[in-house]
Structures are given as structure tokens and as C-alpha cells.
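For reference, chains read A, B, C and D in written order, and residue numbers begin at 1 within each chain.
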Amino acid sequence: MDEPRTDDPASVERASIVPVVRIQAETFDAAAEAAALVRGRTDVGAVVTFTGLCRDEDGRLAALELEHYPGMAQAEIARVAGEAARRFPLQGLVAVHRYGVIRPGEEIVLVVAASPHRRAAFEAADFMMDWLKTRAPFWKREHPLGEPDAGGWVAAKAEDDRAADRWVR
Amino acid sequence: MDEPRTDDPASVERASIVPVVRIQAETFDAAAEAAALVRGRTDVGAVVTFTGLCRDEDGRLAALELEHYPGMAQAEIARVAGEAARRFPLQGLVAVHRYGVIRPGEEIVLVVAASPHRRAAFEAADFMMDWLKTRAPFWKREHPLGEPDAGGWVAAKAEDDRAADRWVR
Amino acid sequence: MAVRILYFAWVRERIGKTEEVVEPPAGVTTIADLVDWLKARGEEYAYAFENEIVIRAAMDQIHVQRDAVITGAREIAFFPPMTGG
Amino acid sequence: MAVRILYFAWVRERIGKTEEVVEPPAGVTTIADLVDWLKARGEEYAYAFENEIVIRAAMDQIHVQRDAVITGAREIAFFPPMTGG
């Protein structure tokens, strides 16, 4: 990831936001995170909020268990968020990723991006999710309903790698 | 917009959601709209929420005034939402557009899309916003700070037409 | 044939009314014909439609092109490019 | 040189430990060398790394490729492709 050029005003401005990154077992409040990005300011034009939830896989799944690499999870998501803040003209960026046992219907991950422009807000949230999927050190194990110890590790999807590759430049 | 073929199971399923479309003067609660799409179900994997806000344009703007064509605004956004529901595998879709006087920092428009898959949720919200911008019968007038009657109508942007053209197929 | 015409935003301001019911003569069959006919009604209409190409039209609340046939329409609207969202 | 090694997900399960401190000999200079050396330590390691190409590595909490030089590293981690988000 390139450092921003300090003699480029746009680049300096982009680098000036401090993304909020949290790795936690607890659930989160997406609305409160989005509200915090906008509160007290009148220059935000667009807020995109992505929430990823645990699906029951047609009733098959009792829960997902997310293992993670604590220090690196925080550091890597912060790196991805910093890259998003350099690529897109953002006014605020939040990423929250949960770990531990998560049941169907519960939230796993949150990304909120605020920008003067809708395109930047959409692309930043999209970029964050693609990179989180392929770079953040989390691993999902499935606990099938009725046989909680029989589940296996979720395999990584080639489509996630392809999605992340869209942003390579 | 083509009718879904009733002999195509995927198409039937996609057409089966009923988008929520509201045109109103009042503010809205983005979090409540998103929560309503997910409540009581465990098959949603991704929720994307887009909120468009009134910017102060570097302190220049006192307010935006949004004129609209009431019957057509509702009908046209419902058509766009129906098209989104046919193009993308959605489990829920909400579009709310305000009219009247809206001040900097206030919300103008909301789109929420729920899907099993993050790509569909992102694309549906993005598609809705591009089409709303270019097809929904709303017109913005600016009220500059200090001279509330001096403002003019906001000009349509060529970039919005180009954004909408991305979806032509 | 009587038809209700609505105007919005600066088209409305230039014409000076939000709506009216008109009875165009038989030769007026398309949106383009209707615009020509309206422009001949007075300078406020000529002013509103001076740059015709930018004006959008809807017939019974559906976007239409300039060659749309207006026969049977109950409500026709003219307005500038939209700036919602 | 002592280095702390961490294992995650099914790499951890196959090896049967979450972490350990090892002292690889001087010839072990890259991630690939380290994997070769670990595989020779026992069948649990050979099993964990049997399809080496899919295993990812991080050095001091930064993703690295197989040719990364491990000299000076305090913490090296091995894990399957990530499935977060």
C-alpha cells in the first residue's frame, strides 16, 4: 500500500480520517455507528451501511463459530480501512467484526462509509467487504442443527478471491 | 420492463417480494426500516442501507426544497423497485424519498436491500439509487444561506445519466 | 379531446401555472405536436420550451419520448431533467 | 533463533496445538524452509501441511508469501484461507 503524497491536497485530505475498527464478541448497533459518523456535521452526502448476517442455510445450521487471530485481525482490518480511506474520498469509515459463536439471524460484520458522494460511499463499503473476506484472519466453522460437533470448517470461495481481485490496480 | 416469466422458478421467486415504497415529507428511521426486513427470519445474509443526506455545500446552503410529482413519484419508484427485485435475488427492498424543505444534515432518501448474498444487496441498492436519480420525478431547488429566495434549480448531472446507463441491458 | 397538463419545477415557473386542462385540435397527435401547439399559445410557453430537447414528458405518470401518441391520455406532464435521490 | 509459531482453524486442529516456540536451525531462512522443517518434525505437521499450497502465512501479523525471509521475526502464523466477513 502506497503512502499518500503529502504534497497532494486531495491525498492529504483522504488520509486525514481515522477509521474506526473493532474486533469484538458482542453484537453491535449498526444505526448508532452510522449516526456517529454524521452527527454534528452537514457536509456528508451519502452513508452506505453493510451488515453481514449469519444464515441458517435452509434450517441446517445451529450456529457459526468464528475463530480469529486477535492482534492481526485488528491490524489487518485497520490496514484495509486505511487503504479504503486513501482510495476513496471518505468522511468516515467504521468496520466491526465479531468472533465467537453467532446464531442464524445475528450480525457478523458491519461496514459503514460516509462520503460527500454516493459512488465513493458504495465503492468503499464494497471494497472493504471484498478485502475483509479475503484478508481478515477469521475462520468460520459450522455447527449443524442436531449434531453440534459434526460441523466442518467453511471453505474459502473462489468467487470471493475474484471479487477482491476487482480492486487490484 | 419485462414481466417475469411465470414458468421460471427463479423469476417467480424474485418477483414474489413486495418492495416497500414511500414518498413522504417526514423524516425516516433507516435503522427501523432495515430491522423490519430482517426481523423474525434467519435466511438473510446481507443488508445494504443507503442514506442520502442534504449537504451544506461548504456552508453556502440554508436548505434544499424538493418539488415532486406525487402520483408519478410513487408509481415510478415502485417500477424501479420492481425491476430491482427482478434483476437481483432479494429478500426485501425499501425505498423512501422525502419532499419539501430539507436542511443540511437531514436525510433525503433511503434505500435498503436484503439478500442472501452481499453482491446482490450492494448491486440492488446501487441500481436503485442510480435509477432514482435519473427517473424519479423530483426537482431540487437550493435556498442559499442569507438570501433564501435567490436560489436556483439544481441542474441534472451528466454523471448521473452515465451511472444509470451502466445498468442498461 | 380535453387533457390535463401538469408542469413542474422551472417549466412550471416559466409558464406560471401548475396545471391546466387544454383541448388541442385533432392534428396534435404526439408529445412533440403538443409542445409545438403549446409554444404557439404565448411567450410564457415559448420561453418554457425554448430549449425543447431538455424537457421531459410523462403520459399518465409514465415517462415517454417525444414521438409518443397522446390519444386517450388523461394526464400529461412536462418537467426538466429530474434531480431527486 | 527462537520464534513463536501460531496455528489457526484446521491447521491448529491437525497439529494439535495453538502455538509453540521453536528454534529452527540456521539454514531455515524463508517461510517455505520453515514449512519443510516443520513437516519433518512429525506426522501431525506433515498432515497439516500436506497440501502446502493452500496454507497461508503471516509474519509479525502481516500476510507474507512463501519466499519471505523469516530472519528477525518474532511471531509467525500458519492458517487456511480466511473465511471472515
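In the analysis below, contacts are C-beta pairs under 8 Å (C-beta built on N, C-alpha and C of every residue); 3 or more make two chains touch, one makes a residue touch a chain.
For reference, the UniProt names are A, B = Molybdopterin synthase catalytic subunit; C, D = Molybdopterin synthase sulfur carrier subunit.
Computed from a prediction, not measured in an experiment: that's the story for all the values here.
Visitor: Can you tell me which chain lies farthest from chain B, using the average of the Cα atoms as each chain's centre?
Guide: Relative to chain B, the chain with the farthest C-alpha centre is D.
Visitor: Distance between chain A and chain C based on Cα centroids, please, to the nearest Å.
Guide: Comparing mean C-alpha positions, chain C is 48 Å from chain A.
Visitor: Which whole number of Å gives the spacing of the CA centres of chain A and chain B?
Guide: The separation of the two C-alpha centroids amounts to 23 Å.
Visitor: Roughly how far is chain C from chain D, going centre to centre by Cα mean, in whole Å?
Guide: 72
Visitor: Taking each residue of chain C in turn, which ones touch at least two of the other chains?
Guide: Those would be 85.
Visitor: If I count partner chains per residue in chain A, which residues reach a count of at least 2?
Guide: Within chain A, residues 52, 118, 129 contact more than one other chain.
Visitor: All pairs of touching chains, please: list them by chain label.
Guide: Between chains, contact exists in these pairs: A-B, A-D, B-C.
Visitor: Can you name the residues of chain A that touch chain B in the complex?
Guide: Residue positions touching the partner: 30-31, 34, 38, 41-56, 58, 104-105, 116, 118-119, 121-122, 125-126, 129, 163.
Visitor: Tell me, which parts of chain D touch chain A in their complex?
Guide: 6, 8-10, 58, 61-63, 77, 79-85
Visitor: For a test of understanding, state which residues of chain A touch chain D in their complex under the given definition.
Guide: 52, 66-69, 71-73, 75-76, 97, 108-109, 129, 132-141, 153-156, 160
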